[in-house]
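Order as written gives the chain letters A, B and C; numbering starts at 1 within each chain.
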Amino acid sequence: MTAIARTWDNLTLPGRALLIILPLLALLSIGLVVVLALFGQNILDILIFNLPIVRFVFAATVLLLLAPPIAFVIIYMEMKVIALMNLRIGPDRVGPWGSLLSTVHGLKVLMKEDFTPSRADPVVFTWAPVVVFATMPLSALVIPFAPGLFAQDFNLGLLYFFAMGGLTVVGLLMGGWASFNKYSLIGGLRSAAQIVSYEIPLTLSVVGLIILAGTMSLNSIVQQQGIYIDANGVTHGSGWFTDWFAFRQPLGFLIFAIAATAEANRTPFDLTEADSEIVAGFATEYSGMRFGFFFFAEYIGVFIISALTTVLFLGGWNAPFPVPHISWIVDPGSLGIGLLFVVALVPLLATLLFAAPFYLFRSKTRWWVALIIGFVLFNVVAAGLIGLWAYVNFDWVAGLFWFLGKTFTLVFTFVWMRGTLPRVRIDQLMGFAWKWLLPASLLNLFVTALAVLAVDWLRRGAA
Amino acid sequence: MDRALARRLDARFEGVLHGPAKQRHDQTEVRIGAGDVQQVLTALHDEPELNFTMLADLAGVDTGTEMQVVYHLWSSSTSDWLRVIVEGLSRDDPRIPSVTYLWPGAEWMERETYDMFGITFEGNRDLRRIYMPPDYTSFPLRKDFYLPDDAARSPGAGVRHVERTHSPVDAAPGVLRRTGA
Amino acid sequence: MATQTPPRPAKPAGAATPEGTHRSEDDPNVLLQDDYAFYEPIPPYPPRTEREAEFYTLGDGEMFLNMGPQHPSTHGVLRVVLKLDGERVVDIDPVLGYLHRGVEKLVENADYHQTISQVDPLEYISSLFCEWAPVTAYEKLLDVEVPRRAEYIRVLSGELNRIASHALFLGWFALDLGGLTPILWSFIERDEIVEMLAALTGQRMLFNYFRIGGVNGDLNHEFMSRLGDWMSRAVGQLEAGMGLLNENEIFVRRASGLGIVDSETALRFCMTGANLRATGVPFDVRRAHPYSIYPEIEFDIPTRTEGDSLARYLVRMEEVKQSLRIIDQCLEQMPDGPIMAKLPRLLRPRPGRAWAAVEGPRGMYGAYAISDGTDQPFRLKIHDPSFIHLQAVGALLPGNLLADTMAIMASLDPIMGGVDK
């Protein structure tokens, strides 16, 4: 027994974690295999019978699993980009160029003490971060990431999205009220007022777009911004970026962008968490994973709002230029025995080829270092080629690439604004929403509607 | 170096000054009693030839035998600073009229003088301690201020939680108060 | 395993707790009040003055908010009790004393020379000015004439310190309004200046450089080379920060019209410095009551008439440009000669009184020194501009929103070290 105790004492923390997790995993997988062998067919039948529910569960799980990595990337981006704008270095040590820092932050947040203030309402206090965090995957369910890559495609997808976005207010108010802290109360009320006021220009500014698109389904809105064939078999669109709704609804785009910044509680509208005035706003009394939830929810919110802006106005998963149809079919089977030679020789030869310049033209490089560099370069080139093949052959890869590119460009713009702009005051914010954005979005709506009617009338008059 | 100022002040405030106005370097100094404060300072502030609109400083002084309050004033009509020394305040109960009716900004300076010396400014709406805790029992800048006595009288003496952790079980515990203003 | 928590002390047997208290779980010898988590910043004693009584009675729908000594935005340890009506500030009661170090008492018990290091941490950002006023007062008591080279060096280092202090003001003001970037750029600027002054004085912040009768060390090669380097890109980072703010609609809308003071009120509140000049009164101690060698140096006094936060900010930024002019002229006109007057080690000034005021970055910084003929100062009274300006916040704030609290306080530029002495 003492040998086991001594071994246990000598292990590091990751070692101990692995020692517990690996046997459990082994047991679980054996159990899973047994269950599948015995009941596999029955389970499959049940799943096929309830396909929509399965699809929903699968999509929600994937979204929840992808949320932390996306949040980590955006948090790292914020730290690094703002640091570079501030002429500092930012995260530097943890991982290459500090990229693992936000992951480590996430783990740290898990290890912090999780307490409830003594006078806080425990139920509401505990559930506030959950509500705020839950709205994020719920609203992300309708966003089309690529052709065919979406969770659900309602006719009312856009309306559903705005409804879920409004649910955040409930969570923030819960957090602000239940904390039993005047700073949190002020922060929660400010955020409620802000989000509710900016919902209206947000939704009104896209009504013009809905009129033009004829549908609220986000999937078809994205399709209409590229080359698509509508119900009558007519091909629309040129494949260029001028098809995007940003050019057909410029005022709507502008209003939507401003209202989206306010919805996501980002600078210049970040007075809910203005840490120079009300410490941390509604999240003042939160610590540990609960604060982590609020924190994640904010950054996922940034991602989702950027995604929605991309989907609505910037063409979603469409490329900005018409990509010519190249067909690049790789058929490894046709090589026959040559495949074996290719797999054996190409990596070796490519490594030597890429290593040669470093070894021959740079006297300081030793031969094994050159070989390593060559191998890495070969991997990079091979991955690039495989990526290119996937891009050409699978439309969802291409779509995902453009979608993520555009979304992260917008996220970068949000981060950029945070580094540059000061904060507005609550009365200036509300005045701006009600006195400027709301009439502007109404104006946009009326002009769009009049334009559609006029074009229709002219067309009927001409025909 | 404005010698004329001293003569002007001597002429204007005859009978009120405790002696001729003195001038050295770039400062002119006059001395008055506590009862004449309002008259003299209002005259210095309001009269257009004097025009001492800026109160630069309000200080308390404990000379050992008496207390004094010293005002430093500046005017655009002269190149000198004017120092008005109000002397003769008793050390037991120094009282002097406040100048907050002329300069509302003197309120905190008078609070500080009260806090450090115990000089009561009559007419100051907010004469409470500004630096020391509100229940402090003595006046630090007085010449008869001795520190050890005050620490022993302080309500903070011996009530710190950390010091009580290993005290005998039957000792009377102190009540942990939340700090007042 | 690795760490063991110490055993809990035993509960005293049969001890009953007084009414309204209970025993703490961590240490049963400590009694806690039952409502210890419910904190209202109302003092536990009856109000001592009528102002206190007026402040601590709540009207209908008002609440107290305590911006405690620990807060991301108060400029040091300052406690402000706000009376709020929703988001609108009705009244404020600043509570000082968290940084009170008893400098005036300490100075009375020490030598004349030791005053300088005691008085440095008062307005720690602009330490040289904190040293300048008492040193000038003592020189008046000693009737000592400071050598011209020492005066020029004082002015040169003083103006560098002024630029550094205004750089900090720019950054802090922007930070309180929400902009993260200008403060970091200002600190690049400040870092260069402070390294320069470290080459000259030996210290980056609390310089301890002026001496009674001169300065402590002549200009050396490293200082001059750093200064020459810096002059070529002089206030580049500050101008970048200004470029980010001055035409920024959000910043201008936040700062303009905020905390307006008119010149009459400013004089009544004894305000000095940039805060006074932003209201239209062109009072600058360097021109109104010249000291040192300022009569020989040409510079302007930037003044504005609006009296709001934006005016105060713009006046300070203009002053930076004027400081650069002064530095240029100092470098051109720098005479040779000694840097310290000949004085005995143990100073015994004549019994007397002296007042000296200098123009610090925050306002008029004054020192009133009384000597009784011995080798210890009898009284040193420091007049600190931040102290006065913080008082004015109480008059400017009511009617504004909570977010403006920080903006107004930042625009008046108080440093708590000076406020609390």
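In the analysis below, a residue touches a chain if its C-beta (ideal position, glycine included) is under 8 Å from a C-beta of that chain, and two chains touch if they have at least 3 such contacts.
Note that the structure is a prediction, hence the values are computed from the model and not measured.
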Relative to chain A, chain with the most remote C-alpha centre: B
Most central chain, judged by mean C-alpha position against the global CA mean: C
Distance from the mean Cα position of chain C to that of chain A, given in whole angstrom: 46
Geometric centre distance via CA averages, chain C-chain B, whole Å: 21
Length of the line joining the C-alpha centres of chain A and chain B, rounded to whole Å: 64
Complex interface listing, chain B residues touching chain C: 24-27, 29, 53-57, 59-62, 70, 72, 74, 76, 79, 81, 83, 102-109, 112, 116, 125-135, 140-141, 145, 161, 164-167, 169-171, 173-178, 180-181
Touching residues (chain side chain A, partner chain C) in the complex: 82, 85-88, 117-119, 180, 182-183, 186, 190, 267-268, 270-271, 274-279, 418-428
Sites on chain C touched by chain A in the complex: 37-38, 63, 65, 71-73, 87, 174-181, 184-185, 188, 244-245, 248, 250-251, 253-254, 401-406
Chain C to chain B touching residues, read off their complex: 9-10, 12, 18, 21, 24, 27, 29-33, 36, 39, 41-45, 48-52, 81, 93, 95-97, 100, 102, 104-105, 108, 140, 267-272, 283, 288-289, 352-355, 357, 364, 366, 368, 370, 379, 381, 383, 387-388, 390-392, 395, 420-421
